[in-house]
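Here's a structure for you.
Letters A, B, C, D, E and F mark the chains in the order given here, with residues in each chain numbered from 1 onward.
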Amino acid sequence: MSVDLTAALLKIALFLAFFLGTLAPIMVWVERRACALIQDRPGPNRLGPWGLLQPLADALKFIFKEDITPTEVEKPLFLLAPVLAMLPALSTFVVLPFGPPIEVGGRVHNLVVADVESGVLLFLALSSLGVYALVSAGYSSNNKFSLLGSIRASAQLISYELALTLAVLGVLLPVGTFRLDAVVAYQQEHLWNAVPQAIGFLVFLVAMFAETNRTPFDLPEAESELVAGYHTEYSAMRFAAFMAAEYINMAALSALCATLYLGGWKLPFLNPPSGPWALTALVSFSGLAVKVILFMCLFVWVRWTLPRFRYDQLMRLGWKVLLPLSIVNLLWVAVATLQGWM
Amino acid sequence: MQLAVFALFALLSLVSAVVVVAHKNAVYSTMSLVVVLVSSAALFVLLGAPFIATLQVLVYAGAIVVLFLFVIMLLNLGRENATGEAEAPRGSGQKWGTILGAGVFAGTLLALIWRTYGSDSLEPLQAEAVATKPLATLLFSNYILAFEVIGLLLLVAVVAASVVARRVGSAGEAEAEKEG
Amino acid sequence: MDTFLALAASDSLTRLVLFPAVAALPLVFLRREQVVKVYLLVVSLLELGLAALYLGSHGGADGPFTASRDAALSWIPRWGIRWELVADGISWPLALLAIVLVPIVVLGTWKGISQRWPAYGASLLVLTSGVLGSLFAFDLFLFYVFWEVMLVPMYLIIGIWGGERRIYAAVKFFLFTMAGSLLMLVAILWIGATYFRVAGTWSFAYEDLLRLDLPAGAQLWLFAGFALAFLIKVPMFPVHTWLPDAHVEAPTGGSVLLAGILLKLGTYGYLRFAMPLFPHASAQARPLLLALAITGILYGALVAWMQPDMKKLVAYSSVAHLGFVMLGLLAADVVAWQGALIQMVNHGLSTGALFLLVGMIYDRRHTKKFDEFGGLAKVMPVFAFFLVFSALASVGLPALNGFVGEFLILLGSYRAVGAWAIAAAFGVVLAAVYLLKMLQLTIWGPLEKEENKGLSDLSLREVLSLAPLAVLMLWIGVAPAGFLAPSQKALEATLSQYTERLKQPVPTEARLIAVEPKEAAAASPGQQEVAR
Amino acid sequence: MPHQYFPVLLAIGIALLVGVGMLVASRLAGRQVGGRVKLSTYESGMPLLDISHKRLSVAFFLVAIDFIVFDLEAAFLYPWALVMKDLGWPLFWAVVAFIALILVGYAYVWRKGGLNIVVRGRRAVRG
Amino acid sequence: MVPISYYLLLAGMLFIIGTLGALTRRSGITIFLSIELMLNSVNLTLIAYSRLLGDRMGQLIVLFVMAVAAAEAAVGLALFIAIYRHRHTIDLNRLNLMRW
Amino acid sequence: MEAQNLLWLIPALPFLGAIVNGLLGPRAPKSATTAVAIGAPFLSLAVALYCLFQYLGGGASEPLAATAYHWTTGPIAIDISFLLDPLSSVMLFVVTFVGFLIHVYSVGYMSHEEGYQRYFAYLNLFMGSMLLLILGSNFLVLFVGWEGVGLCSYLLIGYYYQERVPPAAGKKAFIVNRIGDFGFLAGLLALYARYGTLEFGPLFHKIAEDTGVAAGTYALGLSFASFVALALFIGAMGKSAQIPLYVWLPDAMAGPTPVSALIHAATMVTAGVYMVSRANVLYQLAPGVSMFVAAIGGVTAIFAATIGLAQNDIKKVLAYSTVSQLGYMFMAAGLGAYALAIFHVGTHAFFKALLFLGSGSVIHAMGGEQDMRSMGGLRKQLPWTYRTFLIGALALAGVPPLAGFFSKDAILGAAFEHNKLLWVIGVLTAGLTAFYMFRAVFLTFFGKFRGTHEQEHHLHESPAVMTVPLVILALGTLVVGFFNLPPVFPGGNGFVHFLQPVIAHVGEAGAEEGHALSAGTEWALILVSVAVAALGIFLASRVYGGGRGTAGDQTFASRFAGLYRTLSNKYYVDELYDRVIVKPLAWLARVCWKVIDSLLIEGTLGVGTFLTELTGDLARFSTTGNVRNYALYFFLGVVALFWWMIL
């Protein structure tokens, strides 16, 4: 038991380190620099070389800023909301495999935090709880922009969740289990799913953007309309928590996307070394991390390139395009699998 | 270990359940319900039904309760006293009748359960018993008709709900839709 | 299931029964009134064609009405309930009457019904199915099911397309009929359970239950259960009050079918089930029922005489006419039974025609009160002709159908019950009194009301709907032999079985007795000698 | 096997800790100045002009209903993934029927405009 | 191993809490939530028995219960919306049109 | 062509005519209608004559019989079959011959009527039915015809349907007939139940063989024969307008006059007599009933004759005289002189048809006026009518050697032989008959014209199509009496002999008619009846002749006011019936409807409904409309159930 506990804690620590210690700072920097690049301006460049220390400064600023709790808010919910935002973000990764099974001290460990049968379903379940953070924040802020923002955000979230869920199901069909390591293994034997299930991949990708409220789907926090939406009233670390949750969500979803469609932790033409288990784990984890970072860059690129959708366009896309597409994908995969084409 | 986890979630769900029932603000009630549901999901896992537990979170907590929240937001039932709870209590007979009935029921039920299952001992769960595949097989063989009926039920529900909710023409709606 | 479908697809009674109900489905999609009407007409004529086809292919030694049956299918095996349809000489005349009346009703109410034609048509068709099913069902449970199926469309027809007090009438109709039929259901379940107790297996099949010899007490209760259901439907004297209300409020088509077919199910059921299954009990109850039947004849006639409303008059005349039928059935004499059977058909034809005529005049004037009429023969000679013709048939004028039935009933029942028949014969006088009053007040006399002067005579469509009825009335009246002969064998078989059973003592315990197979099974081509 | 799910619990616990910790840290580290104006609801610096909780369009509710339905559909289809290969084509057709049923409801809502969120409101002066 | 009776007791208590809520609260929404609570407690019972008896049917029924609950919530909440639109309240004490 | 194979044609042809005319409709050319209308009875007459010649020429030894088809099947075997025997041949001749003549007459009489085609359709229908009645070889066919003529009577009386009175009169006729039919039907049922056949031949044979038929009590304290005879006679009463069912016949004069002549004088009303004669076996076996028949006949005869004295409507006078003459016929039949009854039927058919047609001619000339007080002195304008009417009146009065004399005298002879009281009544009636007939003759044809000027202007003799039948009938009236000369003459009683095969010989009762009296008595009786007739005519001429006009009536009315009022109001019988039968029955019906139906049955239901509603109302207090209350009840119920289950 204790071995398992230790292993689990180690794996969780690995992810947290990656998310909070590595990915977040890098991405803050990348985001700001890339934005500047695209907008043809220098961007933050005072702290450290090329402004590399800027994320640290940002973090400090968040910590030391005043925590404003407006008098009109529903206090318990208002305080709970950022935690609720962090909760799904920081728990969904448990089902993501990041390497081949390794043997430590005579015991075989799967390189996944929670080696459970529900697998990807658990991911979806936990991420579906994210909506409560939005609603809580919006509702408790006692501000009509926040409320509208949160409602819009939740509607958007649930709308795209459908497409996402169905696209994921498409991946699972030929595999025959919910376990993501099986999905990875399947992709080692077959093509990456992104090829035969291009439709699903596309759907997933779009839904991913929407799920994380990223441009062009950042309607809920559209500053021009809704004064930043549901987190208008938040400041300091609470605001940072929302931001961090968003980034972590992006990362987690990117990881899931990579696992489902792009072969998971496995890099092409590169097998993890069969040396010491720690090396194996780190290398294979890096494979996943590389893909996640690539995805994150895509997020940033898209954010600063594409204009924002109008809300009705957004919903129309979700309901009238992605949903049918995902069903089509589902049926196609089912037929293909049953016919043995897959 | 399991007992600790059970105690944690049982306590959590009980407290949250009381909040669900007792809280004046419907939003808090709803949020508490989520807690109850998630705790129950944890208990489901303990009972060897992880798949149901996951679905409980995905469907129940993640979808159905969202609908409640939406309606509460939509009708603005949270803060203001549209629910009328604050008004002078009427029908306290109702309350006392309920408490009496619930008391009798609770006493009987608890005594009964305690007497019947007080000393049961369970075999530890086996992997096969937890596996989801047999469940799926059962669903898609013996209960395939129920499965299709669920489809029908959902169809009816969505149509009915759309029709009932969308009685266009009342003044409230036009006004409300401008807000969108 | 596939056997059922196969049965329904082949030239079978099942098809005959189910066709109208199935044909009602497309009505859901039809919207245009004209299309619906034509569709209905086509369907009902098709049904007639199917019936003819069936009769043509299944006729045997006894002529077209030779007993024939569909293969019995298990329906609820747990309780031995089966889908078993049998047609014989007793059910055929009524079934044909039902089938013939439907297109006539459609034609006759072409304009009278102004709304919701699809639903109306569906009701008619489902009603047809229910009636045919009741007539052919040889499983008591199945019979009950069809019996109830019959109830609903009629309830709808009265309740939706009826007159001002339609809801009251419909509810009254429903409650009366329901009260009786629930008792019948109890009796059916009881008899089924008794059979199970005695035979060890479940069965509701008519022929199985016929073998059940019940002790006196059980017979009496069971008979009461069945008889009440049937007598309410007939309707017999003290439980008749739903009928005038139902008729007056029902739309024309509803009245025609109600009088033409539904009431007959009561007498049919009495003949088919109540008497053969419980011979001793029925014999015991005979004096009371005879008294009620006679009372009904005279009472119905007297009350009809007093009515200020044409339709109510005709409605009460039904009470009197059905009293004759009951008299015939109670006589337990083959002549009387023949008369009763043909009288059921007659009543359907003549009263049906009268209701149609009342409906036609109602369509024009929107009233049925005698005060509003008078001298219509001047402006509506064709209407007058048909009214006189139908009224005379109803009066029982020789050479028209009503006479045949009444005469045979009286002949047979005089032989069996003597003075009762004489008392009933006085009903013939009263029939003339009230029907001639009707003629007097509607078509004869001076044409005084301004509203009546511009009335148009019957259209070709209306004539077409009445003409078949008139032809049949005359035909049956002039040469009834062809209508009597096919049913004779079935009636004789039932009667002989009934009298045989009566001769045996009542057992103290329920038991099974051997019953020689009814003509249904014995209808082999060898026994063709029908001696005259 | 419940214990396999323990890491999930663990992760959730840690997530909670992290979340709460972040907030507590900020609370401890940051200065708390406060002030009536500063703590008022931000609406361009104005006092509340209007009640904040207006009733919202019923379209959101309809979207949520559709979501529920499809979510359940997905929930019921997930087990399919486990047994699809075992049960083969008959099950496939059963599932197609199931999906078709759901799609009928979907089409109904589409036809009735239930998916056109907001746009209806914008064209309120249509006729 | 946690004895199954604990689960059942917990379910029973949840059920009673739900009942109390459903029968004493006046807000339609809260009553609805209480009913969901009761449903949930029944689900828990079903799963517990499923575990006790080693029979998966209990789990399956929970699945169906969820579907029914979803349908119920959809239609029920739609009704609330409709009612609110007409009466501007969902206080069940005031919704007594069905009173003779 | 075998004659019996043609028998069915005789009734069928008029039926065909009726159908053709009915289908042709009112828009058909009048000539076509006429051709069909006249052609059908003419062909029928021709066939009838052919058959009669065949039959009589063949010595009339065996009756002709033919079955058209089986009416019923199975355990009861009733056929549509025909029989030509002496009895039916007499009737056949009378019906076809007189019927044809009246058809011809109608062409003229009805020429300006609106429903010309309808009239002839009815009339043909009547002919068919009547022929069915007399040719039928069993009681069923007879009954079919019996009812058929009743129907036609109804339709034809109500021919002027747009007026108020005729339809009502038709209805009355039909219903009164129906009452009779009720008796008839009862008789048939009894017969069939006992013998299993309705065919005349086998039936009467069986009755004659049946030893117990006249003994014991069957019903109502009567033997079987008596019961059936009485029941059948009730039918005859209705059809032949005997007390107490005669009331419809005078009212029936509301129909067109040729109809009165054909149906209500010559043919239909004699059906009762025909039927009684046909069933003579029964009546011979039921002497009590026979006596009753005779008594009814006698009473009816004098009763109607007295009413006839005070009638002013020329047709009403003839109608009451018809009732009276029918009384004679029944008197004869009741006395066992069936052949004489039939003989009187025949002679009466000729002279009464003649009289009616004559009156029709008068009415035609008067433009529809029927009241004799407005007539007078018409013999100049209507010579042919006058002459033929006079012959008819003389015949009716019993003046030799006209037809009426022979038949009436024979009946009186039979009465004298069997029952002196009836003879007295008969003689008195004869006198009264002579008196009122000549009252009519004097009021109509003599004296001064009392009508309006305009009527006088229009007076004219009828066209030939009407007068020729009158003349033929008058000739017939002169001739037919000689078929049955009184027995004192050589070759007398020929008709009686001719009919002898039909009259059964049951025991002693069947002695041959007309031989019992000595020649002296015969002559004395003849003299008495002639004298009585002469007296009646003389008195009439004293009171009404010589231009006195209606003064005689006024004198009579003032001198015997009560008596006159009673007579002119027909003894208040209609009023009596109304009070005693119609009103109570209507009252009963109203009670049935309003009290039993609406109050008792509906009331019981109402009480049930009330109780149900009361329960509902009481239970309604638990219905607070608050869902949670219901839920609480539900919950408490569950708790209770729970307890019940674990305890």
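For this structure, a couple of remarks:
Keep this in mind: contacts are C-beta pairs under 8 Å (C-beta built on N, C-alpha and C of every residue); 3 or more make two chains touch, one makes a residue touch a chain.
Just so we're clear, the structure is a prediction, and the values are computed from it rather than from any experiment.
Ignoring chain F while keeping the rest fixed, chain connectivity by touch breaks into the groups A, B, D, E | C. Steps from chain A to chain F, minimised over paths through touching chains, total 2. Of all the chains, the one whose CA centre sits at the greatest distance from that of chain F is A.
Comparing chain C-alpha centroids with the centroid of the full set of protein C-alpha atoms picks out C as the closest. Our note on geometry: chain A versus chain E, Cα centroid distance of 33 Å, whole angstroms. Distance between chain B and chain C, defined via averaged C-alpha coordinates, is recorded as 57 Å. With centres set at the average Cα position, the gap from chain D to chain F is 98 Å.
Inter-chain spacing, taken between the CA centroids of chain B and chain D, is 17 Å. Counting partner chains per residue, chain F shows two or more touched chains at residues 626, 628, 632, 635. In chain E, the residues touching two or more other chains are 19, 23-24, 26, 63, 66-67, 70, 73-74, 77-78, 81, 93. Among all residues of chain A, those that touch two or more other chains are 1, 116-117, 121-122, 147-148, 151, 158, 161, 178. By the definition of touch given earlier, these chain pairs are in contact: A-B, A-D, B-D, B-E, B-F, C-F, D-E, E-F. On the chain B side of its complex with chain D, the touching residues are 1-2, 5, 42, 45-46, 48, 50-51, 55, 58-59, 62-64, 66-67, 70-71, 73-76, 78-80, 125, 127, 130, 132-133, 135-137, 139-141, 144, 147-148, 150-152, 154-159, 161-162, 165-166, 172-180. Across the complex, chain B meets chain F through its residues 91, 94, 97-98, 101-102, 104-105, 108-109, 112.
Chain contact summary for the complex, chain D toward chain A: residues 3-8, 10-12, 14-16, 18-20, 22-23, 25-27, 29-33, 36, 38-43, 48, 50-54, 56, 60, 63-64, 66-67, 70-71, 74, 77-78, 80-85, 88-89, 92, 95-96, 99, 103, 106, 110, 115-119, 122. Of all the residues in chain D, the ones that touch chain E in their complex are 58, 61, 65, 68-69, 71-72, 75-76. Remark: chain A residues 1, 4-5, 8-9, 11-12, 16, 20, 62-73, 79, 82-83, 85-91, 93-94, 113-117, 121-122, 141-145, 147-148, 151, 155, 158-159, 161-162, 165-166, 169, 172-173, 175-178, 227, 232-233, 236-238, 240-241, 244, 311-312, 315-316, 319-320, 323, 327, 330-331, 334-335, 337-338 touch chain D in the complex.
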